[in-house]
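Scrolling down, you'll hit the structures one after another.
Here come two complexes built around chain A, the first alongside chain B, the second alongside chain C.
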Partner chain A sequence: MSKVLCETGHSGKKVRLRKNGILHELLKNKTIYLMMLPGILFFFIFAYIPMVGVIMAFKDYNIKKGIFGSSWNGLDNFKFFFSSGDAFRITFNTVYMNLLFLIFSTVISVALAIFLNGVTKKVFKKVTQSVMFLPYFVSWAIVGIITQGFFASENGAINSFLKSINMEPVSWNSSPELWPFILVIFYLWKWCGYNVVIYLATITGFDTECFEAAAIDGASKFQQIRYITIPLLMPTIIILTLLQIGKIFYGDFGMFYSIIGDNGILYATTDVIDTYVYRALRLMSDFGMASAVGLYQSLMCFVMVFGSNLLVRKYQSDAALF
Partner chain B sequence: MFKKLICLLLAGIMFVSIFTACGSKTNDSTTTNSTNESSDEAKSGSEKSGSEELAPYAISAFLPGDTPLHLDEVLEEANKKLKDALNVTLSINFASWTDFPNKAQVMIAAGDETDLIFDAPWMHLPQMISAGAYLDLEQLLNEHAPDLLKAFPKLMIDANRQNGKIMGIPLGDVLSSYHGLWIRGDLREKYGMPPIETIEQYEQYLMKVKENEAGMIPLTWLGNYCIGPNGFYDAGYDVVLFGGNNAEVDIFATADEVEEIVPIYENPHVLEWINMVRKWYLAGLIEKDQMTQKDETGAFKSGKVASIKGDYIVGTIQNQIESIIPGAKVEFISFEGKNDKHVTNFAQWNFICVNANAKDPVRVVKFLNWMYEDQANYDLLRYGIKDVHWVDAGDKMYDLPQGIDASKNYNFPGYTLMWNPNFERTLATSSEDDKFYYKKLRDENMLVPSMLTGFTPDLEPVKNEIAKVSAIWPSTMLPILNGSVDISELPKAQKKLEDAGYLKIVEEAKKQVSEFLANKK
Partner chain C sequence: MKRSKILNNKSNLVYNIVAYSSIILFSVFCLLPFWLMVAGAFTDESAIIQNGYQLIPKKFSLDAFDTIFAGNRVLNAYKVTVLVTIMGTTLAMILTSMMAYGLSLKTIKYRNQISFYVVFTMLFSGGLVPWYILITQYLKLQDTIWVLFVPYLINPWYMFLLRKFFTTIPESLIESAKIDGANDFYIFVKIALPLSLPALATIGLFYSLFFWNDWWLGLLFVNDRRLQPLQLLLRALVSNLSSEVQALNPNSKQGIIPPAYSVRMATSIITIGPIVLFYPFVQKYFVKGLTVGAVKG
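Take a look at the complex of A and B:
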């Protein structure tokens, strides 16, 4: 249905757009624009209007006086974050963890999608896909409890197993160096299925003629993947990666807080901006300072998205987001 | 055409769905107003019958917790009395504990006129006071609440002033907090040990548990704090944690002395504790993963742990544990002599505050006074209708009427509105120990005011430092305080704390305490 409408819209655009300008365009495709309206309104109300609150970062916020009535205090709210020696460490942790997530999840999701696409047995394919997708619905709070079950020093599943095969149990909860990897594993377990669905959908959409032609020319399965599937998949990979890079300064609070919780011994490697701010301000409930760190995060994200998009546009202009 | 119609319909549905989503939100925020409306109705209703000189007034209260069962019945009964006495009607709104802090904050920020609002120093009382949310009650109480002032010991009111002002009525069924631990009395008896009164005996108990109960953890506590000042190193002292739980400067006070204020890593009491707790940790007396513990009570109830931090009232936990482990017995122990006088600063945890936007503060204060005018008034709101929800067991005790299931009875959370040491009754079926502690902690002669009674830390000047220190506390100081990390790490932790500005908090503590003591003289 929408395909039909789009096509008529396109043909109309080409012919008369220049003559009648934007108004005609709006009128011509009014139904489509009407369908956009709820989305635009949603973002306007919940993403653009709240941006006014950014000024709280520069104010000594007082509930009674409100956002606009509170007095300005310059960059005072930023001091707490940057004058603590931890700003670098937690920013590094956040970016490092997110990079690990990004690289591993992209590589593994693409590999799994290609693998699943090659599977001909339909039942096996569907079951595997569902099983992979299932963890997406498990909340981090529950994952947190499961991790405790695995990694508890006394009576934890892994340590019990190690003991049963006469190996020295590991005290997981006091070994910060192990946790980036444990977190990556849980991240993959939870998100891979979701990404695989997206990649698989893209692969299914490829023109089968390419593959048939390649097969006739004697290309092996691996050559087909190397020279057809992956290049065709590139735009999707780039878009998803760009979206992920945009969030690189956001630690997944639900994940880190549910799994690490208040275990300070592990903070050396797992403390991210979000958990740090949460902890620092839980007691203080100082809105100004919280917004200051929020603004810092948003600014860094903005720079990242803009920068990476610039790079993409330079090397493969079709794949750039904007 | 047909496709177009479907498209329009779809767009329409999406459009509407946005606004229904918003709509449900506005509904949510008006729930608070609905009581005002209903009380408005009550107002007009009472106008007809009102023959008193006072104009009718509807008092509204906003409290945390679940709405008690049978609240409507009790309020109806109470409103009859209130109408005769003050020509007011009372309505109470509850919000769950998790929602309450935010809701109260938003209501206050939005200028809501709800008269009585619960708040607490551990919630956001200091912030709300500095935002001007509550009324200073000093004058109002003096003029309109003679019974209330009689009901609350002067010490209790004075010790709970906020920066010298009465910003809320301190709610407490006893005059002082009292720290200690729960142990399993049945296990203690099994090992043939006498009742535990000293730390040495307690250590013995933990060791016996370790030896005899396979798979049982002797002692644990929540991962996000140190149990030391909750019964161990504070025994015999009033310990003020200046800077809060995660940026603390421990101030040790007795009745006639405030010990020198030093950073926590130089405090002799704390150092002694650190050495002991590390020894216990290495000996396996403390849970290996204590820092990840999130539910100590659950672990204790299910018999996985032999001792946790505890409250002197063991009635509830005793019933719960017995239903899981037959024959289990919970004992409260404290390392202060049971019959010794207890040093305290008389600080209370919970307050009921009068909203600065309340339309008629005088009448609100009069209502507060009404609760303490007569034991019957207090009893009505606190315990419900006499002989229906509770029966008088004499000697300031109450009991449930026969055949009534406690879980289906009226059960008002007294600590959110009225708790008072002189009016509160004791449950007749509570244990001898419970009764003993109730009596002791309500008896001013058994309590010794600490030098720091009435001292309220003002954290505003060091809020930057506190934010920084509390962010690193759990990874530096806390593992040492809890024994998970060796004391040899202390210099490293000290360096980090000092870099984050911890010494500034210490200086501020010193300054405020010396100012407080100077003003006292």
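Take a look at the complex of A and C:
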């Protein structure tokens, strides 16, 4: 971003030249600019035009009157949302679930990457790493079916196993307190292999001399991990964590909706901002409120992404978004 | 000295046991759902209803696959998904690579401004509702094949990843081609693209996986069953089991209950089939994309 400011500042001094400059530049590289035009138009239509649509959050939207014809209703949409008690619940669930995902997946992925790095048998290493990465390729829709396969109260694999050893089956579908745990399990299933790939690539890049020297000095494997691998890995862990924290107000709709679906009993612990907006839009057709919640989320996301990116840039500038 | 060595050997043995057993346990955990899928698909429906899903099927049966292939609904969903993946990936690659190339050139004066124009869309969005209204009310794309890929034609992350690859092309190469009289588009097609084939493969695979697995666009904008992609069909099979399964094969006789539970699993297998099939060949490209895009992925 600083670069952008520099350039406009620079050309700002020569106002006259700049006017010619734009046209001159566009003509000189017209092929390149024409090549970028479809992309520029794409973002204009699908990202910038909807930004104008945020005014819907302050309107009593009526399909027949359209966005601009509908009457204003000030902050009513927001008042309705924040006074309903839903605001706290879905914000809390979104942040809480994302924190759980982040903590568990970071610890487990780092551990697995370190362990895999120490494996000397090549075939074993390759096969297990491939197996761990495979779930990343599976869609959430299929995860939804797998969830039913394991956790359905009626004929899920876990309950049928419990029955076969004469234990009480669990009534999963009516126990909201169990689902954060189940969501974490599926999150780990889908994302750990992905994170392992990144962490393992980082560890493989480390200089082996350190480890050899430590081994000669009598450091055990655990000590090497504690005093060499983890400190060296810290920058990567911090950057990945910061980027995840930037997305903390964003609930993965695909995940939550395919695992939880429309089971209202489970909303207490598993309803996130994204599923709430979806329901407000599609099931209740409450456009005003849905866009108010959407705007609330966008603003929170903006603050978090912006803030985390500033930290990332301080820490390692080439990993920053801008 | 000696004592510490013995201690270390002991500690390293413990380390090896912990390391190897964690890796094996986690791998089994990763495979278990796939196993359940396969076991469920080949189990006789009555056995599932009686005993629930089991990792070791009691009664083997191919009924689920018979049901799927008797009607044309799964086949049709397959066609939709394949078409969307091919059209989406092709168009996305054209748009993404042209934009990434332009932004990678130092000779382009406004590249930073245009980059920021894209980055800003990653920072702030108008939210779901205005986007939804734009597509349904103004662009009127709902229930068309286009709506299943056009709104996602450029992924900014992938675009910047590709730009990163393009910047590694030596400037002197482009300059000398220019001196020889080649125009920018010719250089792009004949020099930049061929030099970046592995990178293009990586981004192309990310896009194909994305389009293959997407159900969000279908869920929001498609009501017509003929345009239902596979992922949406799977969703329908979960939420509205019996009537949806009945609709799989409209010719089936009334009163005969279709094998709903095993059909879900069988459809899942068919859906991830191509991914698992190609996985050994394409895995390295994904790994490369993740490690080069490093933390940005």
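The rule is short, and it goes like this: the second predicted complex is superposed on the first by the 215 of 322 C-alpha atoms of A that agree within 3 Å, B and C clash if a C-alpha of one lies under 4 Å from a C-alpha of the other, contacts with A are read in each partner's own complex, and residues count from 1 in each chain.
Going forward, a residue touches a chain if its C-beta (ideal position, glycine included) is under 8 Å from a C-beta of that chain, and two chains touch if they have at least 3 such contacts.
As the structure is a computational prediction, the values presented were derived from the model and not from experiment.
Asker: For A:Y48 in the superposed arrangement: first (chain B), second (chain C), both or neither?
Answerer: In the superposition, A:Y48 contacts chain C only.
Asker: If you count the residues of chain A that each partner touches, which comes out higher, chain B or chain C?
Answerer: C
Asker: In the overlay, answer first, second, both or neither for which of chain B and chain C A:R279 touches.
Answerer: After superposition on chain A, A:R279 lies in contact with chain B alone.
Asker: Figure out whether A:D271 sits in contact with chain B (first) or chain C (second), or with both, or with neither.
Answerer: The first partner, chain B, only.
Asker: Taking the superposition on A as described, I'd like to know which of chain B and chain C A:G66 touches: first, second, both or neither.
Answerer: After superposition on chain A, A:G66 lies in contact with both partners, chain B and chain C.
Asker: Check whether A:K79 is in contact with chain B, with chain C, with both or with neither, and answer first, second, both or neither.
Answerer: In the superposed model, A:K79 contacts chain B only, not chain C.
Asker: Using the touch definition from the top, say if A:I198 reaches chain B (first), chain C (second), both or neither.
Answerer: Touch status of A:I198: second partner only.
Asker: Just chain B (first), just chain C (second), both, or neither: which does A:T31 touch?
Answerer: It touches chain B and chain C both.
Asker: Who does A:I103 touch here: chain B (first), chain C (second), both, or neither?
Answerer: Touch partners of A:I103: none, neither chain B nor chain C.
Asker: Which holds for A:L240: it touches chain B only (first), chain C only (second), both, or neither?
Answerer: second
Asker: What is the shared patch of chain A, the residues that chain B and chain C both contact?
Answerer: Common to the two interfaces on chain A: residues 1, 4, 31-32, 35, 38-39, 42, 45, 63, 66, 148, 152, 154-155, 261-262, 281-282.
Asker: Under the touch definition given earlier, write down the residues of chain B that touch chain A in their complex.
Answerer: Those in contact with chain A are residues 3-4, 6-8, 10-11, 14-15, 17-18, 22, 105, 108-109, 124, 127-128, 130-133, 215, 217, 223-224, 244-246, 287-289, 291-292, 294, 463-464, 466-468, 470-476, 478-479, 484-485, 496, 499-501.
Asker: Inside the complex, what are the residues of chain C that reach chain A?
Answerer: 1, 4-5, 7-8, 11-12, 15-16, 18-20, 22-24, 26-27, 29-31, 33-34, 36-37, 40, 48-49, 51-55, 94-96, 98-99, 101-103, 105, 107-110, 112-114, 116-119, 121-134, 137, 139, 151, 153-154, 159, 183-185, 188, 209, 212-216, 220, 231-232, 234-235, 237-239, 261, 264-265, 268, 271-272, 275-276, 279-280, 283, 286-287, 290-291, 294-297
Asker: Using the touch rule from the top, collect the residues of chain A that touch chain C in their complex.
Answerer: 1, 3-4, 7-8, 21, 25, 29, 31-33, 35-36, 38-40, 42-43, 45-54, 56, 63, 66-67, 108, 111-112, 115-116, 118-119, 127-128, 130-146, 148-150, 152, 154-157, 159-161, 163-164, 189, 192-194, 197-198, 201, 218-222, 236, 239-240, 243, 253-254, 258, 261-262, 274, 277-278, 281-282, 287, 290-291, 293-295, 297-298, 301-302, 305-306, 319, 321-322
Asker: Which stretch or stretches of chain A touch chain B in the complex?
Answerer: Listed in rising order, the residues are 1-2, 4-5, 31-32, 34-35, 37-39, 41-42, 45, 62-64, 66, 79-80, 83-86, 148, 152-155, 171, 173-174, 261-268, 271, 276, 279-286, 289.
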